[in-house]
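Next up: the structures, one after another.
Below are two complexes that have subunit A in common, paired first with subunit B and then with subunit C.
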Partner chain A sequence: MKRKSPSKSLSKGASVSRRVFTAGLGAVGFTAGIAPFNIVRAQGAALKVGVLLPRSGFQAGIGQDCQRGVDIAAGLLKDMGLPNLQIMNADTETNVDVARSRAEKLIGEGAQVLVGAFDSGQSSAIAQVAEQKGIPYVINIAAAPPITEQGYKFVFRNFPTGGMILGGAFAAQKEIFASVGAAPKTAVFLHVNDTFGTSMAGGIGAVMPKFDMPYKIVETISYDPAARDLSVEISKAKATGADALLMVSRLNDAILLTREMVKQRWSPMAIMSMGPGWYEDQYLKTLGKLSDGPLSFVPWYDPNKPLSKTLEAALAKSSPGVSLNTNHVYTFEALLIAADAYKRAGSADPKALADAIRATNITNNVSPGPGIQFDAKGQNDKLKISGIQNRGGKLLTVAPKEAANAKAEWPLTPYDKRA
Partner chain B sequence: MFSRLFENVSRRALVLLGALLIGLFGAPLVASDYLLTVLILILYFAYIGQAWNIMMGFAGQLSLGHALYVGLGAYTAAALYVHFGIGPWIGLLVAVPVAGLAGAFIGYLAFRFKVGGVYFAILTIAVAEFARVGFDHLTWTKGSSGLFLPVAQYTRNDLWLLRGQPVMFYYILLVAAALAFVFCRALLQSRIGYFWLAIREDEEAARSAGIDTFRYKMIAVVISSAMTSFAGVIYAFYYNNLFPEQVFHISRSIEIILGPIVGGVGTLFGPIIGAFLLTGMSETLIAALHALGIDIPGAKQVFYGFCLLLVIAALPDGIWPWLSRRIGLSEREK
Partner chain C sequence: MPFDVYLNVAVGGLLTGLVYGLMALGLSVIFGVVRVVNFAHGEMMTVAMYIAIVLFSALHLDPLIMLVPISVVLFCFGYALQAGVINPFITRPEHSQFLLLVAIAIIIINVLLIIFGPDAQSVQTSYSYDSFQVGKLIVDATKLYAAAAALAVAVALYGFFQFTAIGTAIRACADNYTGALVVGLDVKHLYALTFGLGSACVGAAGVMLVLIVDVTPSLGPAYTLLAFVIVITGGLGSMPGALLGGVLIGLTEAMAGLIFTPSAKSMFAFAILVLVLLFRPQGIMGKKAA
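Coming up: the complex of A and B.
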């Protein structure tokens, strides 16, 4: 087959025929015609959010619980009139190295905002990558203060720092004492001797004197969280004659301790926990009526806020039998922050998104406090710590007053007086 | 001495080694940021696996607590930097002796009192756990709250203070892994290396032949722990945060030894092959699953387990001895 010489073809094409002109005009018109639709589509494109959670490794249970907050977010955010999010999940494997490489991977795949990662070490590793790449990062849960003390411009945390948690817990305790008109004069402090327990014990020792608490700690007893028998610890605690039991524990030991208190017929005036265990679903289900009464002081949600009710309903639908908790609330709010910022920024440009996040002022939220706002360091310093009490298999918020849906039951109903 | 490094090494082996080095040297030019992070992890595990190999692969002393030396190196250099502004290279001059002393302490306890085999392994775990609990309570290094190194947005690399982009850490670890390889080769070609191999094969026979087994085992432990501490220093300045629960945890010790075991204990290429295979292939597996729209948390751990099973069942000496035969390299070079 004989081919046309290119030079001939070009020279022929140099003169524009009426047909070519019309076709060209049509093409220009078509392009111009659909351009507005392209713009609309760009504005309506989903924001790519990389969610990093420890869904395997020793924090797998918590990571998977946080994931429930992610899974219900899409529908809720849509109902709120916020832009769509394209969730890109990544498992950090409870490992700092993996958290860092997964953050790099998500950014490489086009993530425009990062969210996660439950743990301070992993969050810190991700924060460095986010800052280096200039991609906004919203921390859902991590309490180590230094993360937001590094002068980062792209890192935001909607979770209280360790100091805020302890301070807020003591403030909530005082509020409860004032509302019931009674307070313990002495307390015995039991805590697990793992990393978390030791850290909390140190923090309580440092923060408590600043709050002029009505009780003093008469004895501190530490124990192994893996212990199968805590009878000696409860005997020692009972022998102190303290009015209240101050706790930092995990789930299994909380159940063991409660059973031991029942066995040894010891019912203090109050059980005040400053950690997990005493409010968890498994604790309530395992102990039934014996689970009633303990007070837990934790970053929680405000049950009176309309969005909390919506979130509760959505979780009940997607995960029946699972109660709304810290993991769901703060993971959902991290996504809420991203979607809200994207809507206001009108663009997925990282700098515009970071500026929009910095200017966040969400009052229709879930966590206790005036809403979600960030200080100059990227920390939401307005968050409140709640006092929650187990009552009839449910968790009622008894402090702070503005986020309470019940008054504290005081003192603890003795275990031998329960039907 | 230098010429002895190349004794019994075939030309093909040298060419392959050169190609590998050139490839790794040029990798940052083409690798994405994510791939660079994975390569950093591979080199980290290759280096640290080489250090562990001295103790187990050469001298036959099983350590399951090598995270101890990573942690000691990391914490010593990081604490000196945070509290006194002392740079990591000066900090290294303190970190290495600290880790070496810890290794010597364990070695002395074990070898003087004839603690060997699995009991020695348990001792190494026990000391690492002791360190983890101890650092949880050590307020100078911020205990369980974690020690954070100050970070900033770095526009240029500061090699002296190890502040900068990941590519800087990549090249540091590449040089470290290459030097560790050469050093281990030199050790194996030396008198000490032959004594170690004799001890590994039959300690009683080695002693009967006049080898001071206590002395040479102590040397192996001290060199291995000192080398490992360097990886700890790099770890601290790369991640910029240290938590005892993460740094000293036994899972970190297991991660360290997986590479050499899969690659081939006692071989020079084993730790490198193992690091590439485990880290590289597990990342590939995750990427492949992701591309297929499958999200399985923990798939990597399952892959690690599968690899271990496969190696134990099919290649009990590890991959490198088998691979070196397949590609026609002399077995004698190991």
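Coming up: the complex of A and C.
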């Protein structure tokens, strides 16, 4: 069969009748008429966000705490005029390999952005998957520096790296020493030997000399994150005779270590933590008066920012008795970043979303610092570290000055002098 | 490092090791008689720990006072498990038994997770933070009580097997299954009784451990593994071997943590296991297979 050449056909029918013109005009008008509806439909469709957290395994408590940040996000994002998110939950089971396979599964099921996963090891595995599949991944909490040093194009982190935490922690410690007029001369450093703890331990040697700290570390002791008994660790730390205890730990080990200090009758001048555990609700509830005093230098929230107050109120409503903490703040902010980028991109196309996330500039946020922006590596390098202290079951921000709401109490009240 | 630091750590390791030993004793008793390896051992201990926590938080009942009642509950649980679920698997291939008990372990973990959630829970008794000081030696009161209770339970169990008619009958089943049947012993009942006793042991160990460690639903597998290490080191099926293995592993972990690095504690425990498997495969107090 011989086909007509399209050009021939065109040339033959080149004369446009009034009927054809009217029909064409109608078609253009119809298309133009429904175009706004198309835009509305694109913005109205919820962005599918795969939230990966350790909901079981030994980090399950923290994963569930992060989930509280997810639970309060929907209402707040709506109030902020941001698009809806369709949350797709996944459990990493506190396992790097499971985290990797769950990320792949979520992408297979249609997740357009990934968020998570609290732990550096698990987040590294998810980052590899996200980069390979070309799906944007916003890390909520993970501090190991290499994650954003790989040249990834789809991986973004709104959480300080280990180096930033250490630098911020040392700066905040010096601020506190200056304000109380005292400082320890020696410290013993205890750290959990998971990905986070090991990278923090490695970073201390590199960062500490730059800050000319008044104390020197007399011994470094590492321990297993799943340890059931930490009596040996405290015996060893106590034997050093150090003035202060420098910590990088998790929740359960923070409780175990405190108990051991009480039992072994050791009260250092200060406990200075540069990780989770010592400020968490369960730590405060489990130990009561014994939880008072430790200083934590952590990525926290600025209690003076308006959105912090809104977030606090939302959390108090959804989870009464739970205090706002790092887990809620940074998980919420990861979702805020995704929703904000989706609004600006106007599309769920992964490339467009990644470009929009890279161009993020959120000033109405919760974490301390000027706001949320990413550098070329996908790292928010503007985040500040806060010094917080447990006092009477409450967490007070004692540094930096611009985000503080109290002055530090110094030294630590000895455990045997508490009621 | 001053000598008193070594002494303190050694005493702590010894006391913890005794509780570990009691936990492993249950596994050893079950294997020694029923010839079933209980892969849900740590999980059963976790159940006992949660019962202790519930009783303490609801009724303020001290775990040490509840030691016997909780052990009885675990005994009934173990008896029912053996009689109702495990017994049909006794004559089946070992991998079937293995899968059955792993399945039971997974079910226990997930049921606990549903009921209690993932957060660590603990018992705060009036003596939770107590310690005794003798010169430079500081002894953790909870560990001391737990170790004393572990010794008492182990002695009672030993007495039961050596000096009672039922104990003698259970030993007969362990020595010669066919012979026990021939003389008219109710082997199924005795097997269930043994599994119950092993479960009671691990229940008692759980009640004591709840004074020392925090409980999460996922705690079980680590303790199942630890029980295996202890039992294989001490000798599978040997009661004194289980206690000795517990003390050896407790002491090794403590001293290795002090002398080398705490994060290598488990490595040294496994090193002992490897050495035992290389040079005395039947375990320190185990009997060579005929």
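Quick note on the criterion: the second predicted complex is superposed on the first by the 278 of 419 C-alpha atoms of A that agree within 3 Å, B and C clash if a C-alpha of one lies under 4 Å from a C-alpha of the other, contacts with A are read in each partner's own complex, and residues count from 1 in each chain.
The rule is simple: a contact is a pair of C-beta atoms (placed from the backbone, for glycine too) under 8 Å apart; a residue touches a chain by one contact, two chains touch by 3 or more.
All values derive from a computational prediction rather than experimental measurement.
Trainee: Looking at the overlay, does A:Ala239 come into contact with subunit B only (first), subunit C only (second), both, or neither?
Mentor: After superposing on A, A:Ala239 lies in contact with subunit C but is clear of subunit B.
Trainee: Mind working out whether A:Gln132 is in touch with subunit B, subunit C, both or neither, as first, second, both or neither?
Mentor: After superposition on chain A, A:Gln132 lies in contact with subunit B alone.
Trainee: Could you say whether A:Ala60 touches subunit B, subunit C, both of them, or neither, answering first, second, both or neither?
Mentor: both
Trainee: After the superposition on A, what does A:Leu256 contact: first (subunit B), second (subunit C), both or neither?
Mentor: second
Trainee: Based on the superposed arrangement, let me know which partner A:Arg265 touches: subunit B (first), subunit C (second), both, or neither?
Mentor: So A:Arg265 only meets subunit C here.
Trainee: Answer with first, second, both or neither: which of subunit B and subunit C does A:Ala406 touch in the superposed model?
Mentor: neither
Trainee: So, A:Tyr223: does it touch subunit B (first), subunit C (second), both, or neither?
Mentor: second
Trainee: Touch test for A:Met80: subunit B only (first), subunit C only (second), both, or neither?
Mentor: In the superposed model, A:Met80 contacts neither subunit B nor subunit C.
Trainee: Overlap of the subunit B and subunit C footprints on subunit A, residue-wise?
Mentor: On subunit A, the residues that contact subunit B in one structure and subunit C in the other are 55-57, 60, 63-64.
Trainee: What residues on subunit B touch subunit A, complex-wise?
Mentor: Interface residues on the subunit B side: 32-34, 36-38, 41, 136-137, 139, 143-146, 148, 150-154, 165, 239-241, 243-246, 283, 287, 295, 297-298, 300-301.
Trainee: So in the complex, which bits of subunit A are touching subunit C?
Mentor: Those residues of subunit A that touch subunit C are 55-58, 60-61, 63-64, 193, 221-224, 226-233, 235-236, 238-239, 251-252, 255-256, 259, 262-265, 282, 286, 290.
Trainee: Can you check the complex and tell me which residues of subunit C touch subunit A?
Mentor: 1-2, 5, 8-9, 12-13, 16, 113, 117-120, 122, 124, 128-131, 133, 138, 140-141, 212-214, 216, 218-219, 222, 253-254, 257-258, 261-263, 265-266
Trainee: Please give the residue numbers of subunit A that touch subunit B in the complex, ascending.
Mentor: Touching subunit B from subunit A are residues 55-57, 60, 63-64, 89, 91, 93, 95-98, 100-101, 104-105, 107-108, 120-121, 124-125, 128, 131-133, 144, 146-147, 150-151, 153, 162, 195-196, 198-199, 202.
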